[in-house]
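In the two complexes below, chain A is the common chain; its partner is chain B in one and chain C in the other.
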Partner chain A sequence: MIELIGSLAGEITGEARLIVDIAMFFGLLVIVAMALNFQYGNAGVPNMGCAVQVIVGAFTVSAITMRLTFWIVESAGIKLLPYYSDFDWVYNNQINVHVLVNPYLKEHPMVAISLLLFSMAVALVLGAFIGWLMSLPAIRLKATYLMIVLITMADTSQIFGRNIPQISGGTLGVFVPNVFAWYPGDRGVITAVITLAIGLVAFFIFRTMLNSPYGRLMRAIRENEVTVASVGKNVVGIRRNILVFASGITALAGVLNAFYFSFVVEANYQRAWWTYWPWLMLILGGPGNNAGTFLGCALVVAMRRIIIYYKWFFDQYFFFPISYFEDILLGTLLIVVMIFRPSGLIPEKLLYIPGVPYGRLVREEVKVDWRKAPRARAAGEKPRWMFWKR
Partner chain B sequence: MIPPLLMGAIIYACLITILSIGFTLTYLTAKIPNFAHGTYAGIGIYVSYTISKIMGLSPYIGMPLAFLLGGAISVAIFLLVIGVLQRMGGGAIVLTISTLAIQIFLTASLNIYAFWLREVYKTYSMMFMLKEFDFYIGGYPGVFPVTLALCVVTVIVLHYMLTRTKIGVAMRATAEDPELASVLGINIYRVQLFSWFLTGGMACLAGAFLPMWFQSNPTTGAAIITSIMAGSLLGGFENVYGAIIGGFGVGFSEILLTYWLQGTIGTWIGEYRPLIPMFFLIAILLLEPRGLQGVYERLLATKTGERLIRMFSRGRGV
Partner chain C sequence: MDWDPILFWVMIAIWVIMPTFIVIEEIRERRALAKDREAE
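Entry: the complex of A and B
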């Protein structure tokens, strides 16, 4: 890793590229998965609209930061090709960005870094705003309604990106300025390092919040919201705040993703990738603790990137694109984990304060499964595998 | 002569109605929204494709096969995934996530099947319509009367089943209160199995008609889930009769509203057609989260509603 970071001016090839790729995607997805763990694992808010927040981050870069960059570069005296109409925005984009803007950013590192910080700040605000908008219809209702609304919103956000070229170039996509042009080495390495650093900061923010009284309040809402409401807490307001806060953090992943590829196109932000994979990571690792999220994220990302990296090898044996096989594999994995390890690879540790006799305070909950009861009475015990007679 | 646009709207509305009824039934008996419901329709699309394009028969021959195949897949999903997770005491969110995984699994399988068809039969199986395999009655394509009849028959049979037969009453009892129903001796597991078979079969059957009028690809099924959910929510989400009205309303307005908006605002608005069910969904949740059922119950609580009840129940001794 040290050699990788120190590999200034060197081309990164082969296995090292795979490591950088895995590190980058781990950093990106761990931000999304941690935010999801914050929402679902700890507060019980089933946010199925992660893709919307990620896409908002990416669109921030392509629609706002890019215009700001163009404005800065033009006021510095460099003549850009016209970019005002839909057509010019897409077709002059490549020359504008690669030929005219990137050399300028290479000479002015402070401008580039402030652009990165600016886009992250804007994405934070816009992501939080979108989270608030998404919470409006259904945050008061049952979790099912919230899931339905959020999952449909992911598709809708893509429709806007596809049909308004001024946002992200429609179906063709646009290149975005390379804010790491000043870095002499490989752009992938510096992006990965910065993403991992932001992921670390996000981890400490989430950990601090979860260990605070507010975090305990969140877990109390997850366990029983009626009880929390009965002691005078505003359950709906807290749930909305959690969604808004985590949405803002999730949008950061979109910004970093856009800068890693230097390219934004709506097709990159499908619901399946940015909503389903974080959920898979969360369930696989174990909802409710960050260690599980890290483990699940590392496993899934490593698996996906290795499959993609050796795509040429697998493609010899399959007649269809390997991504569908990957879908089947990971879909099956989620269900297998749900059935055989319902609490994930690393189960959540419940809060434990030394000196409190929990054994006496909390009796084991006796759960009567009423669905099983009449069957057991009527037919006695049957072997588990005879499911058709149940 | 009915204009083709209206015909298309009615066909689409009928199919969405059938799908919405199935979605609602699943929600009632299993208490989860089944995100894989639209993908059952995708399976139906490929049953039709296989029967007509590959085997050269009329796609109508494949309809019973589509029903049985959809039912079998749905039952397999229930036996292998949903039922197991329910017995383990998984919550509604966990079960819903598992249906999302199933949706991704099924969509990927359909894609692979389409690639397999391309590989073996050298046909274009990614984006197609099957209009040329349809028959014509007096200038009308056969799919129009058949879907209309199918929708009406489904509604009538479902009404008869839910009110007159033992299994239908058991289903309603399970939907109302599973614990109480099991105390009365209803085998909830068997009722759920039956309802999953019925909904899967119905969805697959509806999907088999889709390529006869609309362009279809492997992800069509996953895409129409928004319309299905909007229809179900408009009907109240917990009411089968509401889903009939809601599904028809959403499906009908999705096509006609797009056409009307294209005429008044501009053709570019056609790209935003998927926003219409989304708009319905959000409007319903903001205005009346219980949909038409909530409106109906609110109406019954007023003076006019009481008068209406008295008017309709005269002579029945209610």
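Entry: the complex of A and C
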């Protein structure tokens, strides 16, 4: 039976490779987009620095996990080429990783799996720490200024990676150990399965949080933070917690991306890729609801991967290089969605809490005509919005 | 044993389960909200 099912997929090449690729990037970007939906869609924190958190995850692998792996391999008695100076770290990296470390990890699957778990745990902590660090100067700012500060931080993190070779090999990048070396088949498939599984777990975590009283508090802050502050809630603290929590989850995408490519270079973590595309997914699908985020993510990822995969086919129809088409598509889609569907393909709905008549508590459809209200009061007529006097 | 095809279908299964669950939940919540509104 297994053989029969297996024969349907066959070897992971051609169309099957495209499917694996789409699934992998869907898994990665859905983690980022869901975290963004958690921050912006539900709490109104416009995080334009998603790239910072992703890059922290990738740098965790290249700067910390790799050194730990080298130390483990050397402790096992395998002599590695020198890697202490900047030059050695970059130029001996390929031999150290591919010739000496990967065969060791192939023989020791438990070590490899432990390294994967270690990377994710450290990335969670460091991502959360970076979120906290980002929130220090920025969280009290108004939305526009907060966005500008976070964009700047995303660029700064890339500059660190570019200029300090010990982090990720500078502009040349470094190969990272293949933690799936023990797996006999295609590394892409197992990475995609793990990424999608983590995306699924992240979805349930965010869903649980959004359905909790804390989630309702987040929505209240998004709607009117002054009102929430006036009833004694610590708005700045709550916004900081949201940024810290979502940053930790976003950093996981960086770790998985690094292991998928087995390579880390700062140029892979540009803000267009890891900030603007997730924002497009969120705006296209509709902020404030998970279904919209998923739809936006699926549409954009599929579209991008198909453009890349069939670029030779598309190339003949354009007078400019096809690589520009992606950026043009990003801009065009954003403009079209903002004009024709400002609330996204699946607009946000009222919060549904089983057992609580939320619709009766929140009168969102109350329209107040302020020009008529004083006259109505003077005439002894009760305006429509004064429902408690009916 | 060749694990790639099995993992490939596991991947497809996770990929299908996630949106299906979300769509079902979304439809259920929208229906419940509409019912609440009618009851009002």
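As a working rule, the second predicted complex is superposed on the first by the 333 of 390 C-alpha atoms of A that agree within 3 Å, B and C clash if a C-alpha of one lies under 4 Å from a C-alpha of the other, contacts with A are read in each partner's own complex, and residues count from 1 in each chain.
FYI, contacts are C-beta pairs under 8 Å (C-beta built on N, C-alpha and C of every residue); 3 or more make two chains touch, one makes a residue touch a chain.
Quick caveat, the model's predicted, so the values are computed rather than measured.
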Review point. If you stack the two complexes on chain A, which partner ends up touching A:T332: first (chain B), second (chain C), both, or neither?
Key: first
Checklist entry - When the two structures are overlaid on chain A, which partner does A:A298 contact: first (chain B), second (chain C), both, or neither? => result second
Across chain A, the partner (chain B or chain C) reaching more residues is B
Contacts of A:W312 with chain B and chain C, given as first, second, both or neither
neither
Look at A:I283 in the shared chain and tell me whether it touches chain B only, chain C only, both, or neither; answer first, second, both or neither. first
In the overlay, answer first, second, both or neither for which of chain B and chain C A:V193 touches. second
Requested in this report: Could you look at A:Y84 and tell me whether it touches chain B, chain C, both or neither (first, second, both, neither)?
Outcome: neither
Request  = Check whether A:V20 is in contact with chain B, with chain C, with both or with neither, and answer first, second, both or neither.
outcome  = second
**Asked** Between chain B (first) and chain C (second), which, if any, makes contact with A:T156: first, second, both or neither?
**Response** first
Residue set of chain A touching chain B in the complex reads 40, 44, 46, 48, 136-138, 141, 143-145, 147-149, 151-153, 155-156, 159, 162-163, 272, 276, 279-280, 283, 319-321, 324-325, 327-328, 330-332, 334-335, 338-339, 342, 367, 369-375, 387-388, 390
Given the complex, residues on chain B that touch chain A span 32-33, 35, 79, 81, 83-90, 92-94, 96-98, 100-102, 104-105, 107-109, 111-112, 115-116, 119, 178-179, 182-183, 185-189, 223, 226, 229, 233, 268, 271-272, 274-275, 277-278, 281-282, 285-286, 289
The residues of chain C that touch chain A in their complex are 1-12, 14-15, 17-19, 22-23, 25-26, 29-30, 32-33, 36-37, 40
Per the touch rule above, chain A residues touching chain C in the complex are 2, 5-12, 16, 19-20, 23, 26, 183-186, 189-190, 192-193, 196-197, 199-200, 203, 289-291, 294-295, 298, 346, 349-350, 352, 354, 357-360
